[in-house]
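The structures considered in this document are given below.
Shared between the two complexes below is chain A, which pairs with chain B and chain C, respectively.
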Partner chain A sequence: MMGMVCLMLKRLKRLFIYTEPEHKSEEFRFPEDPSESSKWGQFAGYEKKSRDEEKNNTNNDEEQAVSNIINTIKKSSQSFDYKEYQANQTNVYNKLSSILKTSQESSSYGENQSEKNDKNNKQENSDNYKSEPEDENSSIRILRPKRIEELVKNKNINKDSKIKRADEDGREHKNSVNIENNKKETENIRTIDITSDFKICESNEDNKDAKNSKNNKEDSNTGEKKNGGDAKNETDKNKKGIKLKYVSKSLDENIGFLESFYNIPVNKDLIIKKFNIAKRIPACLVYVDGMIDKLIVTQFALPQLMDEHAFRHYDFECDCPLDYIEKNVLTIHQMCRMNSYEEINPQIVSGLAVLFIDGCDECLVMESRGFERRGIAPPATETVINGPQEGFTETLRTNITQVRRIVKSENLITEFEFISKKNNFLCAIMYMEGIANPRIVEEVKRRVKNLDVDYISGSGMLEQLIEDKPYMIFPQIVSTERPDRAASFLMEGKVIIICEGTPFALAMPIVFFDLFHTSEESNLRWQYATFLRIIRLMGLLLATFLPGMYTALILFHQEMIPTSLLSSIVATRVNVPFPTLVEILLMEFSFELIREGGIRVPGVTGNTLGIIGALILGQAAVEAGLVSPILIIIVAVSGLGSFSIPNYSLSLAIRIIRISFIIFGQIAGFFGISVAFTILCAFALSMKSFGVPFFSPVAPATRSNADKVVRAPYYEHVWRPDWLNTQDERRMGDKARGWKPDIGGAQR
Partner chain B sequence: MQKEGNFGYREAISMFVIAMTIKFFFSSPAAASKLVGTALWYMILISGLTAAFLFMFQYLLLKRFPNLSIMEIADNVLGKFFGSVLSLLCCVFFIFTASIDMREFVEVMKIFVLPESPPSFIMIIFSLSVVALSFMGLETIARFSKFIVYVLGAGFLAVILLSVSNFKIYRIFPILGYGLDRTIFTGIVRSSFFGTITVIGVFAASLHGPREIKRIGFSSILISGIVTSVSALSFVLTFPYTTAQELLSPMYAMASMVDLGGFLQRVEPIFLFLWNFGTFVEVTVLFYAAVMIYCHVFRISDKKPVILPMAILMYGMSLIPRSLNEVVNLWVHLLRQWGWIPYFLPSIFLLIVSKFRKKKGDINNA
Partner chain C sequence: MRKKIAIFLMLILILLFFTGCYDSKEIDDYAYITLMGIDKGVSDRIRLTLQVPEFSKASGEGGGSDGGQNEEEKIDKENFTVDATSVLSAIANVNANIPKILNFMHLKAIVVSEDMAKSGELGEIVAPLVRYRQIRRNVNVIICKGKAQEFVKSARPYLGGLVTETLEDLIERSRYTGFYTDVSIGHLSDEIKSTYSQLLAIYGAINKGENFVEDGPLYEGGYKIPSDFYAGDVPRKGGQEIELLGTAVFDGDRMVGTLTGFEAQMLHLVWGDLRRSVFTIPDPEEPEQVIPLEIKEFEKPIIKVDTKTDKPHIEVKLSMEGDITAIPSRINYEHYMKKRTIEDVFEKYLEEGIQRTFKKGQSLKVDVFQFGTQAVRNFWTIPEWEEYNWLEKITQATLSVEVDFTVRRTGKLTESQPIRSTEGEE
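Showing the complex of A and B:
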């Protein structure tokens, strides 16, 4: 009874009288640093769990067992006796080793690094605890207590490492808590608990890291984790320049290679953003500044990669998280894995972001291009009245999309190829599978792949490199600025090449009539289209032959000119001091000069210069008696004729040919022109574009639709060009117009 | 076998039709008119029929040795030495014919178009086009023929149709000319007018087998016979036969007489181009055949180095005749009168020898 009274009094006394706690280490205090929040749980009455344990409840049994053991040791530590403590440690050792073996292996983010760290720790601790069984497994180290002197010694270093490496690794947050614990341990050895010991071991690792970070400040600033002396060696190696052909498993080696390959830090364009995936796995994102869309990197790549929550289902025991990241983490629409630097480097300089991860021998190439670009505008060189008003732009992807918008077919194949060695110029080879002749496709690819050129800046250069006969005056590849025309070429069975940075698509193989036709004719009724073509043919013939014919007539065949016209011509030429050849070449040169000047002078001024220049110059030349008025008409008409030629390259060719006809007309009249024409035909007719004769289907004669000069109604264009030997020869059925005419309608 | 590239029957027909008909635009009609008078137009048909008959032997020979050229057949049948001799004789004949045709053209050009230019200057320019076409090969020559056949056809039709106003039906009489027997005999003898078709034997390897050779050969003779006969008829209808015998180029003269209402007159420029392009093709075909034979005999695989020396040789041979008179009355007359021997006889001879010696080509090649 008295005993009960005494007990009650004691409890009453506790209620009213303050007594100091037995262990200062368990004294309640607000955490000074957010990273100490893990300690808060202890005082709030929760079971202390590591961050990983909180997130991954899959190994609850193991964790429970660990916490039980920790509690046991805590209790034993309250009445601390070093021998007793050592005995307890030995008892729990076997249990712990079996439980924590696997988890500890994966807890470190780099197998090699952890092993190296373990070895370092072992070496340090071996002097003090040689009696303990040595095992390579790092989990054994958890139970190793530290001597007070050592803990004190580590404390100051850990403080430095904490400052330098704050907010980088989750485990480092725990270290800062442990530093506080270590303070307590210096005062009272009994306050050591197993958790703090575990942390101390890690802080030792970090201690080493801190030393390394002193050696390599750049790496420590970006949170790069180095492993002892190896890191220093690797850094030195990087500076010397590592040559890698394939992606290394070591992130440091990859970074070293990239730095030497891209001349970093001399080259300021390339960014190597180092970070930790899920705050654990070192990685880096490599891209060229200005070439990427920063939004993609800052909103869709880095946040997801750094977020631990995104990796809650990831098993960190896996060697390489690339697969997981590709499938579960990144929301970027287009990614692919590569391992060869030959493939990776062109992607980087093309504006793609590349993710390298420590421990992975592959990298992830992410579509992130986002440089400044021009919007879609009407084509400047192929304007039409009736038809689409969209032209290609300088952006390859946009151009391909424009074609795909017209050819919505699964058979449209787009292959990419880098065509220059130094500037990694990308082009897309497009063709219709099942229509295009495979031999033509192979030939185009063969030519493109076998280029050995440092620099290509556009389709014009590429055209010169892959054409059959560079010394022929006629173009052998047609370039178009119009997506609808490119699409029609594809559907005919031709191959299209679109180059980045050029608003033109190259189509091949071609014949003369591809240079002569325009896309507008397809959108017009056949009568109008035929009329336009006849006008254009007249323009072509006038542009080619008229000045030469005039020269021949004036010099050799005066009897063929009607008398009245002849007298008029003679009267106007009386005051002209030059021979006909000089006169006509002078005017041709002036005309070309005005045209060239008009093109080079920008905007409206150029057009004005062209018109005013021609008028004033022509008028002044006539008044000065330098040329005859009839010659002004001849040159103007031939100039207009050359303007009617739809293809710029063909127009230029005709302008050059015209001069040769003038010279031959001067030499031998119509006979000379005949000879010049024969020589021209000899060259042109022997010309082939990717194996296709240039004047097909006329010479050689092959099957064709009525679509050369006279254009038949569209539904009669049944066949694809025979000279292409397409896989699918027909482009429409026997009855393209399935409906019967004269049936139905308002009046039956 | 030397690879020359293949060409289709349309190209081949165009080439041979141009090569055969173009001769009619020079002095031949006048010369023939002297022999048969108003019966010229059907005499040409008789010549065509004779040429077709003689060509049949060449076809049979080429059928017997499928996909072989006439030079290879000669080597096969006669042996390398005699075969080469026969081939070289053909080569000399072709190059000589080409040079005479070129000279005839140059003389006519000098009279009508370029009176102040020396013949050598015109011949050099002419040779330029022949060399250019030959450099590009047989395929290009055939394509060029196909390319311009439309132009020539249109020009020819234009000249004929525009001359209709000058036609006088009574000029066709006496319809039998100087007598039917004379007409038939002259027609048979002058079958050399269509003798150019035998060049098909030289180009046989570039054509698609004996069936196509048959088609090309007979079609070409038929088409050129019709075209030439129509030209001859229009020529007979336009000019009295006594006048026609004096004209150097009756077709050119016919074109220059065109005068429709005062606004369409003097269309000879059209004819001039027709003249030029046709002659380029004819001379080039013969010239290239000679080059091919020469290269075959001496086993020269690349013809390009041979072309320029051979062109110089042709140029030199064309300078042999001293005047237009010598060209027309001696050489052209000789070629038309006796040309059938070098054109057709070698094939007949080879066919007979091959029958006797029982030589045959590989039928599987056909």
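Showing the complex of A and C:
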């Protein structure tokens, strides 16, 4: 009868196993839904109970009983499996048998049978065997809850008898295990000593190799050789350069792979910390030194894992304690199981600790990033007087949180993407579901995904890779250092990209006015904001045109200068030996030099340099008769104007444009300037950022709020940008100020 | 794309080397003529006097004393006179010894001597200049008594600055004083051809203080109309040597006479472009005393011209308002009953002044008030108007003037009271 039950279970199991997807591990994490967790308690209640009441024997009995049942099932099914698979997979079996022989020789194992069966099962599906007995139950239960429930119920109903039987079975099983090892008769599995563990692990390695040989069929021959060498020497493996696609069951092999992959003896950064789980199961923790938070490893991972006590409810008979560890041992907030090295490697290099356990063909990736980072500081490039005073930092997660703290919405989507191939640079694409135009989101994702670049170190590089027109002088993506600004972009329906390592968020698509506005204006009353913007517009125009206009006036249009002004210009220019063009370019150059030098000069001396440059140099230049004082005023005013432009890229662009205006003014006076202006307009107006014309609300005149230069009161900013074709066009109701019955909302 | 940019840059370079900049001149390559005087020439047709001020820091600050440079020397250096056939040939002559390019871009005024103006050469020598690119249409035309050469030399910046500023401010003053008309070369060119108005020009002279009598018998006469002088006759001393007062009147391009400052004021009153200005009237009750009034226009003047007959009749209706600025006789004119007397006197004063000016114009056969601009509206077609021959008819025209004046405020005092002393009330 026992055999019948076992057979049934085995068949059921296989049924499930074959339907189960390859990497099921994700689904076996702690259920976050409380209702689900209650189910857990119902089915795997012993876990909780065991934690709570440690001295509850019945639970232990129960647990043991279940595990014993399953062990017996295994045993009985082993022979069955073996025969069944012999026919199907003769090749593999041959290999396996040869491997086993070698391992037998080396490890002097008595029992090959069970291991072979294990192998076979592995070949069916690795998940099955890595899971512990209770996990087996749970996995089965999750797949086909009802049947297994019944099964479990049956078990529970026949508790007494079953427990007895389980005891017997357990004894049998234990006996067999003990015979395998040191032939110790012990009731408790925990007492199995380390040496036995190692033996088990060696046998598991073989299995793993078999699996690998299956995975990498092309390497099957070398795999065999490797297996031979495995037991003898690890360094041999390194020399051979093992290539693993998936985590091997053999810990040594994994270590070997990692060492060869990361060039371990040479590369000092990667730490492979070898230890034994509960003094028994060999395992290793892999992380990059400096990228992890040492506290997590030293206080929340290693002690728990090494502690025997934590494993007292664990049946060491099971092949893989990963599930148990994940659920019962580690108190780390975010963990994930992975088995593909393609996934694992980026995680390791980005600072996660990865736990490899002997006998498991999956590893546990633990969130442990804790590198040194800068705290949140006021934004350095976008300072405002009125408004939040925190800026982005270099940490991606912090930045995303900063945005999310402002946009507390379930519609804020954050997608992650590795954008470079060699340095595994991560960026987050954020947008508002339901607001952002899906086609824009799609386009941004398309561009980000289709990058084939080895190295990216920041948003500036990414910006250059995804912008529409690299040869255009104007920026097509705005980068902001302010979370509130990024949030307002999100709410307008733009897409935000935040890269790790840069305290800037990129927003796209943009128009000219995004570069022209600051976040301060939305925090100010409209009169003040309008005033500021008009000042800024004047600054922009001065920065663009003033030196060019001056050149044109001086060289071609002397009649336009009022006579008294002319007389003072002439009077100051009498001693200047250079033509105006040289004079003005000289001053522009020295101004840019002062600016650039002021940025590069270390810290405190910056101000001094500014003073030296601006005052002393200017004064001396005038007194030496190199330049006329009026020109210094012109250059200084245009310089101030360019500093009033809030966007750094735009201000640089304006400076370059300014020089071209000077040259055109020199060539043909106002005519030249108007030609240059026409060319500039033609370029700027034909330019598009992610399909949006650059001067959008103005040049293709579309519906817009009064928020370009003159800013209306906030309650009149009813519309989202029309040029984004957002899903939700309005951002205010008909009556934005509901308390005011007559006026207040914008009328449609 | 890179190719495109390269081509673009090459084109710009080509532009630099082949086309552009040919007429670009540094601002200090030029010498700027600020004042030009035209006399009848001796060795050639015209004698041209040019004033080219030296733009130095001193001209903006020190007021002439530049590094020990003598004022006389400076004047000689900055003004030079040349005889030539025409203005531009004179420029060419001058450039033989002046290293800088002379240009007229900042020319402020053309001074023509009275001799030249009376000989009727204005249309031949000055008017064609309007075509020249460098000379702006708003360059003022000044007719000067005596030699233009002297006038230009005497025209110095007053209290620093440039002569252009001085002249400009002086001419701007006419909006408040009305002593002369802001006439430019553009007007000149138009009005010498016009069928309905005739040329007026600023009349200037050098006044070195000859009329100023230092010592002599004290004045015992009665009321004198203020500023009823011709330029150069004002009894004053010091200040600017040049003096702009009154208006030169032209028939065609021939100067036929001048109007005094007072008469020029009347013109401005009738045209309605006089801003706030001060008129002084004799006290109606104590004739040796005067009452200064600050007046301004209340409504635009209404001018009606009847051209039905050969003797056109012109009706002018002015309405003014003003303040009393002083009552030296201490008669209580502020009283609402007495206010009327001042108003009546002033109305009559203006009426007579306008009539006098009109008569004078008629005697010179000139429509000084430019009533033609109104009269022309009575005609539907230009031939009709030309046939009517207004410029001839004006000599027979009659004028009726009606002035409506109201005293609005009495200044800071509301009532005049006599001075009291030991001798009692004065």
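The criterion applied here is as follows: the second predicted complex is superposed on the first by the 489 of 748 C-alpha atoms of A that agree within 3 Å, B and C clash if a C-alpha of one lies under 4 Å from a C-alpha of the other, contacts with A are read in each partner's own complex, and residues count from 1 in each chain.
To be clear about the criterion, contacts are C-beta pairs under 8 Å (C-beta built on N, C-alpha and C of every residue); 3 or more make two chains touch, one makes a residue touch a chain.
Model, not experiment: these values are computed from the prediction.
Residue contacts after overlaying the shared chain place A:I554 against chain C, while chain B stays out of touching range.
Applying the stated contact rule after C-alpha superposition, one finds that A:Y471 touches chain C and leaves chain B untouched. By the touch criterion defined above, A:S568 reaches chain C but does not reach chain B.
In the superposition on chain A, A:P700 makes contact with chain B only, while chain C stays out of contact range.
In the superposition on chain A, A:G672 contacts both chain B and chain C.
In the superposition on chain A, contact of A:S686 is made with chain B only, not with chain C. With both structures placed on the common chain, the touch criterion links A:W739 to neither chain B nor chain C. Chain A residues 556, 559, 667-669, 672 lie at the interface with chain B in one structure and with chain C in the other.
Touching chain A in their complex are the following residues of chain C: 1, 5, 12, 15-16, 19-21, 23-28, 30, 32, 34, 53, 55-57, 59-60, 103, 105-106, 108, 134, 136, 161-162, 164-165.
Across the interface of their complex, chain C is touched by residues 471, 554-556, 558-559, 561, 563-564, 566-574, 579-580, 663, 666-669, 672 of chain A. Partner chain B is touched in their complex by these residues of chain A: 556-557, 559-560, 562, 667-672, 674-675, 677-679, 681-683, 685-686, 693, 695, 698-701.
Residues of chain B that touch chain A in their complex: 7-8, 10-11, 109, 113-114, 117, 121-122, 125-126, 128-129, 132-133, 135-137, 139-140, 142-144, 146-148, 265-266, 268-269, 272-273, 276-277, 280.
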